[in-house]
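Please go over the structures that come below.
Next come two complexes, and both contain chain A; in the first it sits with chain B, in the second with chain C.
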Partner chain A sequence: MLSSYADTIPLTEAPILLEVRDVSVEFVSKQKGAPAARAVDHVSFALREGEMLGLVGESGCGKTTLMLSLMRLLPAAGRIVTGSIEFMGQDLLDLTESEMSEVRWRNISIIFQGAMNALNPVRTVGDQIAEALVRHGMAPTGKKSSAAGRVGDLLEMVGIGANRANQYPHQYSGGMRQRAMIAMALACNPQVVVADEPTTALDVMIQAQILELLDELRHKLGLSVILVTHDLGVVAEVCDTVLVMYGGVTAEYADVDTIFNDPQHPYTQQLLNAFPDLTRPTARLISIPGAPPRLDNLPPGCRFAPRCPQVFDRCHSEPPALHRLSDGHLASCHLVESR
Partner chain B sequence: MLGSRYVLKKIGWAVLTILFVIVLNFFLFRILPGDPARSGVRDPRLTAQAVEAIRVRFGLDKPIINCFQSLNPVEVGDCFVNPMDTQFFIYARNLLQGELGISYHSNRPVADLLLERLWNTVLLVGMGQILSIIIGIVIGVIAAWKVRTSVDYGALIGGLVAWSLPTFWLGIILLMMGSRHFDLPIGGKITPGATYANAWEQVLDVGRHMILPTLTFTIVFVGEYLLIMRSTMVDVLSEDYVLTAKAKGLNNYQILRNHALRNSMLPMVTIIALNLGFTVAGAIQIEAVFSWPGLGQTIFEAVNRRDYPVLQGAFLIIAVAVVFANLIADLLYSYLDPRVRAA
Partner chain C sequence: MTESPILQVQNLRKLFPAQRSGLFRSPERFVHAVDDVSFDLGRGEVLAVVGESGCGKSTLALTLLGLETPSAGKIIFEGNDVTSVSGKEQKALRRHIQMIFQDPYESLNPLMVIGEIIAEPLKVHNLAPDKAERAARVRRALEDSGLRPAENFVNRYPHELSGGQRQRVVIAGALVLEPTLLLADEPVSMLDVSIRAEILNLLADLRANRGISIVFITHDLATAAHFTDRVAVMYLGRIVELGRTRQVLANPTHPYTKALLSVIPVPNPRQRRQRIILEGDPPNPIDLPPGCRFHPRCPIAQDICRGEDPALRLVAPAQQAACLLA
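So, the complex of A and B:
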């Protein structure tokens, strides 16, 4: 398909920290003889130091699966079948399970959607943060109690009083729980933080606060962040690059300005139409009819063809390749081939 | 840690429940048809004077309570008698003094009789519960960890079979096999007529007698614990916080110990506590099969003999055991789950 990925990556100056190449993930079916469902199909992207990547797409497009693959946290039925995940020059897929567990949280941490359930309800928030510190040898004496100072600092950093470390998750509000989750994700000074729809189930004001906090911390700590979201407004505001996924494949990949000003893939265009434009507040929002394809019943050609307004014959028979439109702008659509 | 208000409230409820049981226990037997004096000593040659003498001896000539001479048949009586001279308040006063009455059958004080039998039951039930809890939890956790593998299916089928075996049938089968092939005693707590050179020999003899009933008890209960532990654990292992724990770099053992086990124990605590209370009574079948001189066998015999004071006392002990076990469960639960404390 493409000889080198380095020149397909949206151009910025910083060195590449995490490079995902050609990753495919399959889920083994429970029924004997049924083919494995491919949730992610040959997806590549790169994350540079201090950069925020927006991962956009509808539910069921493989976003979370891709993020779990990064940390090798896929459920038992899931397998990474192709590709490599290089973090600071080391392919994470080559590591043993115990080596991988060293990388988790220490180098790459994750903020799950719905912090409601991501914190253990029967243990104090401080205790759960301290646990991560102890695990990665960042508690001065190796005991949880010795990490109390750091736990307090972390909570203060996300705007929670250090005195609340001894409280349980149910004593926190939804927004506080997500803040605590962010504090926990930052506990071991990771280089990469994956935020998987961090604002799901929070009200709009709190959503804004959480994203603001995330953006502020990333600049302060020089983090690289992958933000998985449905919210294009957020992407426009905080992300540097954008990866649009559809049905487990890359639809379009570019820097944020290109995605918003010059979207090439009909899916990206449709997504943008479905998003309110502040300059034309009276314009109708256009939703995309239909739903993403089921993984066990993918269309033979382009996966977006059944919903695409610009569909033509070839789309139904032949899946489009990922075409390079310019340096750092990729789209998988037959329409852009000629360009 | 635990709010003293919460503890006091729970203890208060437990005491109230026991008081209610005491009252219910008394009236339940008085509403039942039949004259205890006659059914206690079932001899047609009994003269009217002898019956009256028995009635006086057991205080059955006194009114049940103010205004009621008898409850079956209902017979209204004097409302202005001294309350302390009615059956109910005599019963209540005796209870306060730890006095449960005299057995119609053996003429022994019920309290002594039951206490002696209770310890035998506690020995048997305690041993059986400890074994079934430990084995059930261990197998349940392993099955949940290996969910949908042959290990899991094996545990699942074994657990279901064990749970559905009828207690008395399993007891009889084990009794037959154990006594025939392993030369184990067929019943009782000690070998009749045995003399012991030292205490150790006695312990060994009791231990040999305990093997079969304990085994029966363990098999009957292990299925329940195993299945509940497994299904709770499977649920907990699919929780997001377990994924968080794994993402934090914890290994399987740490995830199990620090995140999954304690959360899975919550429903187990309730079930164990309820079982502990009920098994005092639930050992009836096992004790009957193995002639184990425990509370269950005593109830079994007392029912046959219409020995109401013994039944009344045994019911009280069971009720107290159930209430007490529930109290412990409540307190333990609130220690294990901080959300309960807040509620």
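So, the complex of A and C:
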């Protein structure tokens, strides 16, 4: 097991801002006597200043659970059972709830999945952003009216005219609502923004607009971004590093070029083959037979074994460890070990 | 093409009355959902209809299916004008044109087992009244949809199946009537990436084995690229470019097609490209811009684009585009 990822991602010299080590999350079952389901199992990654990390996986692979753990916003049945989450040297898991609520928004903020439908329909967009500012002590006099200037600046920053602060969410298009959610996430000048599927429900053109906005903001504000997505194309366009999850574990973790041009885990390879690539329109796409495992019914060995084209005996009995292939390239597969 | 096309769409128009505002009756206004759309679909051909939300692609499908009555234009199916058939005739027509909807989680009755779900259309159409024959047709539809052996599925409920399997059930429900034309509205957009390919491959097989013609509606040009023969790109109710898929992808001529292509993520970080990102959203289809309806967002628009509404015209062999500058 690796002690630190500080030396595994040799991309930039930028300091590490957030370091997640060996985090496991379990959900208690409602049924009496049923064992807890492990949604995330010993996952680690590091995020540097100004870096964009892509967290990739299919539904149910644990990516949203991992992000909720980071914010300590897990639902009541979930708990973090191992590991640490260090932000600027402080383990977030040691903080009290009131200390943690300071970290949320001010240091780490999250844009939730489907967030464009999360705005309150009966209040103006500006009013909702102002409320976030007041609640986190960012309004000069503590009143919403004193936050108006900042609300306008935030909206302009995401490409919405400040004059639209007085409009209601239904007067915004889907793309604008997502921009407003980004403005809200940036309200308290966080260093890290987690964007959970920020473009999933949007059209390709609006998706491109939002990605460009995130990329631009990260350069302008020096933000670190964790982009949670199932879309590999999006990751290839904007991310620096990539963590591929499967069934709650790390399948592969590397810089973006390695993931796309030298993937070592069969799941990463298959996922790339299944992705329609316009530059290679072959007649037939390669599909991965079967479906991702259910958390209450995980295979005993490697979690990808039932769908893996290169499976052999050992995969069915023994879960593979996370192997280090080179600096900054990790993969959990028995095949990688022998190399 | 020596054979006659299975489907001919001629100047099809579907307008919805828009809500009137104000105390006094303002002049009646319309949402131009589908506005003067024409195309032919060959037997066994797969046509992609690509565009952003609100471009009219789903309304087009519903109109072809007879669930919406066209405001103008003609739909000719198997040589017969079916533009405004109703009642019995329409029911008979439905047997031959089937639709696959987007969401396999919401389009299956959770209280029925798979066998009953697939048999339902046969009962509705009074086909195969004989129990054994009905069971045989249900089994064949399931197996043709890749749910093999069918016996393992007929007695299960939808919640016991994965998303990919559910979409196969939806497809089996369409196939059991042995249609000649399938309308597939975003059939893979709700599925995980690893499952999408198998559903697309299934549709490709149905075309190859049964000779079914398919209209494949999607907002994703990349998905369309892989198995469709021709592509129609729609913008604000109009087809703005129409041609062979490979040719359009390799040589897009309409600036909207070019922009759409440029923003499709390519899964290779070494090929990060210059993207043509259009500003804002498509205008609302009630107050259409004068001239070319794409000009307010067009990166190359010129003065003449504000005055003249371009029609589709041949810009290359078998490739049409509606652009004055193409």
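The rule we apply is simple: the second predicted complex is superposed on the first by the 328 of 339 C-alpha atoms of A that agree within 3 Å, B and C clash if a C-alpha of one lies under 4 Å from a C-alpha of the other, contacts with A are read in each partner's own complex, and residues count from 1 in each chain.
FYI, a residue touches a chain if its C-beta (ideal position, glycine included) is under 8 Å from a C-beta of that chain, and two chains touch if they have at least 3 such contacts.
Everything numeric here is computed off the predicted structure, so don't read it as measured data.
When both complexes are overlaid on chain A, chain B and chain C end up sitting side by side without clashing.
By the touch criterion defined above, A:M205 reaches chain C but does not reach chain B.
Looking at the superposition, the partner that touches the larger set of chain A residues, chain B or chain C, turns out to be C.
In the superposition on chain A, contact of A:G233 is made with chain C only, not with chain B. Legend: residue contacts after superposition of the two complexes on their common chain; A:R284 is shown touching chain C, with no touch to chain B. In the superposition on chain A, A:F260 makes contact with chain C only, not with chain B.
By the touch criterion defined above, A:R135 reaches chain B but does not reach chain C. Measuring from the middle, so to speak, at the Cα centre of chain A, the directions to chain B and chain C differ by 70 degrees in steps of 10.
Superposition on chain A leaves chain B and chain C with their closest Cα atoms 8 Å from each other.
Within chain A, no residue touches chain B in one complex and chain C in the other. By the touch rule above, chain B contacts chain A in their complex via residues 239-241, 243-251, 254, 258-259, 262-263, 266, 336-339, 342. On chain A, the positions that touch chain C within their shared complex are 58-59, 173-176, 203-209, 212, 230-234, 236-237, 239, 256-257, 260-261, 270-272, 274-279, 281-289, 291-292, 307. Note for the complex: chain A touches chain B at residues 71, 73, 98, 101-106, 109-110, 112, 114, 117-123, 131-132, 135-136, 168, 170-171, 184.
If you check the complex, the residues on chain C that touch chain A are 52-53, 162-165, 192-198, 200-201, 204, 219-223, 225-227, 245-246, 249, 259-261, 263-272, 275, 277-279, 281.
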